[in-house]
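For clarity, chains are labelled A, B, C and D in written order, and residue numbers in each chain start from 1.
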Amino acid sequence: MGDARQIIANRAAQELETGMTVNLGIGIPSLIPNYLDPSTRVFFHSENGLLGFGPAPKVNPDWALSNAAGYPVSIVKGGSYFDSTTSFGMIRSGRIDLAILGSLQVSCNGDLANWIVPGKRVPGVGGAMELAYGAKRLIALMQHCEKNGQPKIVTTSTLPLTATRCVRRIITEMAVFDIDENGLTLAELMPGFTVADIRNHTEADFALSDKLNE
Amino acid sequence: MDRFNKVADYAIIKPLFFDGMTLLFGGFGGVGTPPTLVDCLIESGVKDVHLIGNDAGFPWIGIGKFVCLKRAVSLIASHIGSNPIAGELMHDGALKVEFSPQGILNERVRSGGVGLNGFLTEIGKGTLLAENKPLVTIQGKEYLYESPLTGDLGIVYAKKADTFGNLVFDKTARNNNPLIAMAAKTTIAEVEEIVDMGELDPEEIIVPGAYINYVVPTRGINWKWIWEMQGK
Amino acid sequence: MGDARQIIANRAAQELETGMTVNLGIGIPSLIPNYLDPSTRVFFHSENGLLGFGPAPKVNPDWALSNAAGYPVSIVKGGSYFDSTTSFGMIRSGRIDLAILGSLQVSCNGDLANWIVPGKRVPGVGGAMELAYGAKRLIALMQHCEKNGQPKIVTTSTLPLTATRCVRRIITEMAVFDIDENGLTLAELMPGFTVADIRNHTEADFALSDKLNE
Amino acid sequence: MDRFNKVADYAIIKPLFFDGMTLLFGGFGGVGTPPTLVDCLIESGVKDVHLIGNDAGFPWIGIGKFVCLKRAVSLIASHIGSNPIAGELMHDGALKVEFSPQGILNERVRSGGVGLNGFLTEIGKGTLLAENKPLVTIQGKEYLYESPLTGDLGIVYAKKADTFGNLVFDKTARNNNPLIAMAAKTTIAEVEEIVDMGELDPEEIIVPGAYINYVVPTRGINWKWIWEMQGK
């Protein structure tokens, strides 16, 4: 399972391009910097009020310099601190080029569910609704199925939604999907998986990218 | 009260806490929540408090220490995941929690703080969080109405203050403190350093002293990272 | 006429108390600092984003340091610069203790008209509506009558309003009036005027303060 | 375009001006209006421009120079008293002027800039400025709805920028520039000084570079006080 998370993060790291302003959610997305090509220079945004954070200092982390998950970070040259309304203004007004969020379910029209499992723990929504609404491009990361094998890419989400029609790409350890107004398209297979594997583990219907065959 | 010297000690500010009050607190995951003022809140013995802030902190940091004492009756926040005890209290019905999307929550506090009457947004439309929120139609399009938040008392943390209450913050400990500072009837700033008027650069002041009623010196942060507390 | 303006400003200066945050409108209110007792220490607020301004520098005024009327000022110790939304947030949320505005008409219930004379010049409303709405206390300054003798303290304003029921005190060269939920009360006579003079030059009915006799 | 080096020359930014565009401009009575960008706007020859800003400047300062050329068709502002020519154009029907209370105007620009959909207020209720504005009733009380403002191009003035577009301002020349900087599809900052990334204190940055598309060096302010121009 740990391996699947690393595979997803590794593939997701390729989505980042030099110059982008990027917000990474908690969970799998937080692993992405470990796989980022050093020549790819992006500015990471943190909801608590920081644009341009870098790796945690090796010693003596500063309690007053942390990311939105509460872990210590550093600030890169050109980075800035600001209050929470400026931070979310940036998100809602489309100044975040790419948001990559962990997910519980994604439906074939791009509806995202990632904040609540009724009857279980309800930690709250944090900034996910705004990132889903405002980021120029939203990618959802998740393991392809639940531990019990239940598919998480679905026709209609069975969980309360974070936002509707917002996910543009899904990356799992099995495949990469794109979503547009025509619905879901299987864009890439991850190493070791066939189109048939994906069909067997995906509830929603999907089209095949030109580059793929059954 | 001397409006040009708002420096106070904890004996002066303790009577500002009262049963049933609405308390706005600054901080994000405990970073930037005024630790000494939270201790003071705890020591004051007040109960039935209505809390408004970003989150429930950690059980040992931020507002979390107070939440765990079951003397808060409600909390408006964006998440409580970092404080499992808050979750338990919510499930037991001992703490009423209203979730607001994080940026929307900040804007609601700001709306109250700058004397506006709420705003319209599409964030949250079609989700659970839209329940019980008025819908407003403008030019044929429906928006959620988000109400302003204000309170009786606001507590914030800053790096430096001058005696007028002008505030300067410290990196990501700024977070929602500048907004919380505007939204309460009375606002107390806990600070690391107090300087004379004229010693802060007027360009670097983030919260003008007009919003601040009292300035108290911190007794120290005593920060614990989550990995230092795990298993304790 | 110039004299009347100075008399009004001189009387209005007595309204300022140490510790207050004060906004002075253009016109007669801008003359008030000339009459302020040096022992009275207030913070002057300027809409363009400055709390705590002082007198204009004697030489080399700085184009980037001016008040809302566009005249050069200085900044006092403890003063701060901020953007326009913070400036008006301070106004609307009641952090301005006292606003003193010039006025065209005030009605007996405190309605203020000070921004437009239909058919004549329409410079626009500026920040007057917010000051009238948000300042903790609003004082209106004006000459008692128009040049043609027409009273400016009226039962119902004949001009478009800036805000309703906002003025708490009126200061003219003839008198000082207070306004509360019971209406208009003549509070003070300025030197050289009698109650009868005020009755003759005031359209609205008013009560007499306990300190005054017909 | 290099997102880490947004420094541009006037040849690059001239094509950003176009006929019929909505232009947001920073400044208060001309203070903080980018003078070289206004000259560039004038030289570009564009017409039918919709302007949004605090005021109409002075005839010789700020946006006033452009307004006097009759190439703006509309202006949303809080007052135009400092530019008598703007008043004449309004009376002649050559310039459509919409007045907004000053703080409300700033909040409308901010609302657009931070991706919200307008707000409710009591300011202006019962006045001429309430005409044509939707009334929204919340819990039995009526408020005016104020719509968000956005535009095609925003021009602002700052003291310093780094090459990423992080901005630092100069005293009261800050005014509405930080709001205008957020509200347009494309934003150009004219600055006195350009420095490398890392040379600004991250605490003193008022507008993060994420909002800025181009940074151009000023050719100078050439400020004239009103008393220097009277009788000219």
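Heads up, the rule we're going with is that contacts are C-beta pairs under 8 Å (C-beta built on N, C-alpha and C of every residue); 3 or more make two chains touch, one makes a residue touch a chain.
The model shown is predicted, which means the values in this text are computed figures rather than measured ones.
**Q** By that same contact rule, can you tell me which chains touch chain B and chain C alike?
**A** Expected: D.
**Q** State the pair with the higher C-beta contact count; candidates are C-D and A-D.
**A** C-D
**Q** With centres defined as the mean of C-alpha atoms, identify the chain lying farthest from chain A.
**A** Result for the farthest chain: C.
**Q** Using mean C-alpha positions as chain centres, tell me how far chain C is from chain D in Å, no decimals.
**A** 29
**Q** Need the CA-centroid distance for the pair chain B / chain D, whole Å please.
**A** Chain B and chain D have C-alpha centres separated by 33 Å.
**Q** Taking each chain's centre as its mean C-alpha position, how far apart are chain A and chain C in Å?
**A** Inter-chain centre distance comes to 56 Å.
**Q** Per the centroid of Cα atoms for each chain, what is the distance between chain A and chain D, given in Å?
**A** Those two chain centres are 36 Å apart.
**Q** Which positions in chain B touch two or more other chains at once?
**A** 107, 114, 116, 122, 169, 171, 202-203
**Q** Which chain C residues touch at least two other chains?
**A** Correct list: 75, 81-82, 85, 88-89, 91-92.
**Q** Applying that definition of touch, give me each pair of chains that meets it.
**A** The set of touching chain pairs is A-B, A-D, B-C, B-D, C-D.
**Q** Which of the residues in chain C end up touching chain D in this complex?
**A** 46-50, 61-70, 72, 75, 81-85, 87-89, 91-92, 116, 121-130, 133, 160-164
**Q** Going by the contact rule set out above, which residues of chain A touch chain D in the complex?
**A** Chain A residues touching chain D: 18-21, 41, 43, 45, 51-52, 75, 77-82, 85-86, 88-96, 134.
**Q** In their complex, what parts of chain D are in touch with chain B?
**A** For this pair, the touching residues of chain D are 107, 111, 114, 116-122, 134, 136, 138, 143, 145, 147, 168-169, 171, 202-204.
**Q** Considering the complex alone, what residue numbers of chain B touch chain C?
**A** It is residues 2-4, 113-116, 162-164, 166, 182, 196-198, 200, 202-203, 205, 208-211 of chain B that touch chain C.
**Q** Would you mind writing out the residues of chain B in touch with chain A in their complex?
**A** 28-32, 54-55, 77-82, 87, 90, 97, 99, 101-104, 106-107, 110, 122-129, 169-179, 206, 221, 223, 225-226
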